[in-house]
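Following are the structures in question.
Look for chain A in each of the two complexes below; its partner is chain B in the first and chain C in the second.
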Partner chain A sequence: MFNTALTWNDLVFLAQGAGMTLMVTAVSVAAGTVLGIVFGLIRVQCGPYWSAPLTFALDVFRSVPLLIQLVLGNALQSIMKLGWPPFTTSCVVLSLYTAAYCTEIVRGGIGAVPPTTRRAARSLGMTWWQDMRYIVAPLATRVSLPSWIGLTLGVMKDSALVLWLGLIELLRASQILVTRLQEPLFILLICGAIYFIISFPIARLGGYLEKRWSPND
Partner chain B sequence: MIEIENVHKSFGELKVLKGINLTVDKGEVLTVIGGSGSGKSTLLTCINGLEPIDSGRIVVDGTDVHARGTDLNKLRRKIGIVFQQWNAFPHLTVLENVMLAPRKVLGLSKAEAEEIAVKQLTHVGLAEKLSVYPNRMSGGQQQRMAIARALAMSPEYMLFDEVTSALDPMLVGEVLDTLRMLASEGMTMICVTHEMKFAREVSDRVAFFHQGIMAEIAAPEQLFDAPQHPETKKFLAATH
Partner chain C sequence: MFNYTFHWNQALRSLPQMLDGALVTLQIAILSMAIGLAIAIALTLFRLSGNRILGGFATTWVEIARNTPALFQIYMAHFGLGNFGIHLSPYTALLVGIAFNNAGYLAENFRGALKAIPDTQARAGRSLGMTSLQAFRYIVMPQMLRIAFLPATNQMVWAILMTSLGVTVGMNTDLAGVTQELNARSFRTFEFFALAAVIYYVIAKAVTLAARAFAWRMFRY
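Our next item is the complex of A and B:
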């Protein structure tokens, strides 16, 4: 069939790389989303004036290239003698990067809930928290979902940059094989296919939830 | 009893309420009429504490609404309000819309809340629509759902802010019928409305607002047939 030097073990090696990509992405998206919700709430509740320092910090994370953030983050942790392994450093930097984008998504989602709807909730005697929990959260989630899925897929691809800190994720694993086997096209094709296989379910999940929720709006 | 004493309220520079004095007794139906921007909606939102006031006092059953220690969430349980925009919770079915506050605010069990919700929805003629989402209903039906949602908290007072203004003329009747029914059951109500015929029919008293002042308040026959204030005369002449 194919005339390739790629062995079963090499495929396992790629799969391990994919596992690392998934791990870094999962941790960063989870932590970034939680932080993003917290930061988004702070920005909405405190108003532009009091949240200005936070807004500024998040703008920095959104505008400086991720690669530079990773390298600087790694340098910082070593200067501060934190002794973090590359995985931890990568996850911390990527989480903050994700949080910076997620904050905007959360803010937009909360802003999309009509004030009159929230007023109706409060007029029934619901507390601020109950309004948030039962009215704002479900409605904002629906609005934000497409952007959040887009962010997740983006972070998954951007996570390839953690190879600069020495982590062997999917792209780095492919590079290693390319160097050794000298079959760049074939190996990169497989690498791309694996990215697609892990992204596709996430994209479909988004489509499914959107469809499920849409008749109710 | 709702006692409103010399209430002033402004939005920035704009003085919206300029010293309102008004007492609404238990069981009374008061309608409020007046031109656009005269402060009618603002007064209603001040009564249940959705908007703060600048000075004066609003006392509901002995509780000063705007005093520092007042638990507004608790107070709002007994003051239902329905707005011009019906404000359905779009992610919940009709039944869930009505059950939500009784469950979460009053802490009722699911079965208890459902019983109350079904009862109120039947009351306003929506017994067939329990599992429908609001966007599948007409404006009149959504507005009646909003009324049922407020009634499910067993309020002692109901405030209605132009609840028929955003409706097609065809649908106004069904909502007014619901209000008539509540009035006949003895609910204490303050209705801001542009429906003069309705006001004349259900009200114990009618108040006319003009530029942040309550220019005139009287029994409906008196206010509509023999208005005293020149602005009332002008307003009624323009709306007839």
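Our next item is the complex of A and C:
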């Protein structure tokens, strides 16, 4: 196992794969969070009745496997002759996937702000926007940041599935090396270690924030 | 915009095949969940035991399961174990990978649930003459399972969705695998996968509703 044919260039190749994983994650989480905040606000403001179609649509993204979503997204973009490269398709699908989860987090965060606090803000003469900006946003962020970090890590791990569309991210890169060097265990261990190194400190930070920021302490 | 004719008939004609695949999917999900549950309870006991080696083992398992992609874990079972001369079929590899993942997440759920149970209860059990295993079995575990039931339901839905990853290691009997094979024969990608998506959605919703009904029946005060 330790007499490996792995060269420096192969490690660089893996690192490039990791870079691709991080890039896909960053784009999807950024877009997904913005969409999630918008959808979350719509769901809170419009009430369960009027936002039912949105709720259903987002629920679909959470109840269908991501792999199927990616395949469908790719098929749809070729049917519509959009000519997107795999990177764009992956990011679009992952963004919607992220948005579906982020909506729930945003909704939970807004729901955790006591209505009395918001009414107090409004009766002090704040507008709806001011109430949202200065009262709800800080309190809701405090509640939802830990789960948002969890979501980001989840998307980072799920982004491994974009290999199905032919994007060379970390797991696909290691698979290519496995095919060439025939040392599956060693290379996969390196790949897993990279995922772990990216994910573990951030997960710990999330856990710390959850403890540090929980409102009832 | 659409210069494309959808051929839904073709997909609908292979619906029986896909439903057979859905059964395999459900079977893997349930098996992996049962195995995962058993291992998670064992890991929770290891963590509670105060033994540093067992506790360290449990923590390592949980952290690896939670901090690497499920697909990586399945690859590890399928390709990685080959180094030790263990060659698993796609079915077994998928089952092992998902069970490993489930065990990690469920153990973490149980840890959260345990925090909600006052340890005075276990101590009361001990002072009534129960052994520590009895106190865990009859006092702590029923409450732990009740609190962890909802997160476990989510994990079950996750397990169903994760079975679709089997297609990447050559699984061709579960829903995703069957769909991929039909797709390779006809190139009607969108139709077949849309139908698969509908089936996955129905299964996921059915499981959620069944779990809710079960919880209502079991955990009512």
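In the analysis below, the second predicted complex is superposed on the first by the 199 of 217 C-alpha atoms of A that agree within 3 Å, B and C clash if a C-alpha of one lies under 4 Å from a C-alpha of the other, contacts with A are read in each partner's own complex, and residues count from 1 in each chain.
Definition applied: a contact is a pair of C-beta atoms (placed from the backbone, for glycine too) under 8 Å apart; a residue touches a chain by one contact, two chains touch by 3 or more.
Since the model is a prediction, treat every value here as computed from it, not as a measurement.
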First, second, both or neither for A:28, with chain B first and chain C second: neither
Partner chain(s) touched by A:213 [first = chain B, second = chain C, both, neither]: first
First, second, both or neither for A:144, with chain B first and chain C second: neither
Which of chain B and chain C A:89 touches, first, second, both or neither: neither
Residue contacts with chain A in the superposition, chain B compared against chain C: C
First (chain B), second (chain C), both or neither touched by A:103: neither
Contacts of A:188 with chain B and chain C, given as first, second, both or neither: second
Chain B and chain C footprints on chain A, overlapping residues: none
Of all residues in chain C, those that touch chain A in their complex: 1-4, 63-64, 66-72, 75-76, 79-84, 157, 161-165, 167-168, 176, 179, 189-190, 193-194, 196-197, 200-201, 204-205
Residues on chain B engaged by chain A in the complex (per definition of touch): 48, 50, 73-74, 76-77, 80-81, 83, 85, 87, 89-91, 100-101, 104-105, 133, 135, 146, 149-150, 153
Complex interface listing, chain A residues touching chain C: 1, 60, 63-69, 71-72, 74-76, 79-81, 153, 157-158, 160-161, 163-164, 171, 175, 178, 183-186, 188-189, 191-192, 195-196, 199-200, 203
Residues of chain A touching chain B in the complex: 114, 116-117, 119-127, 130, 134-135, 138-139, 142, 213, 215-217
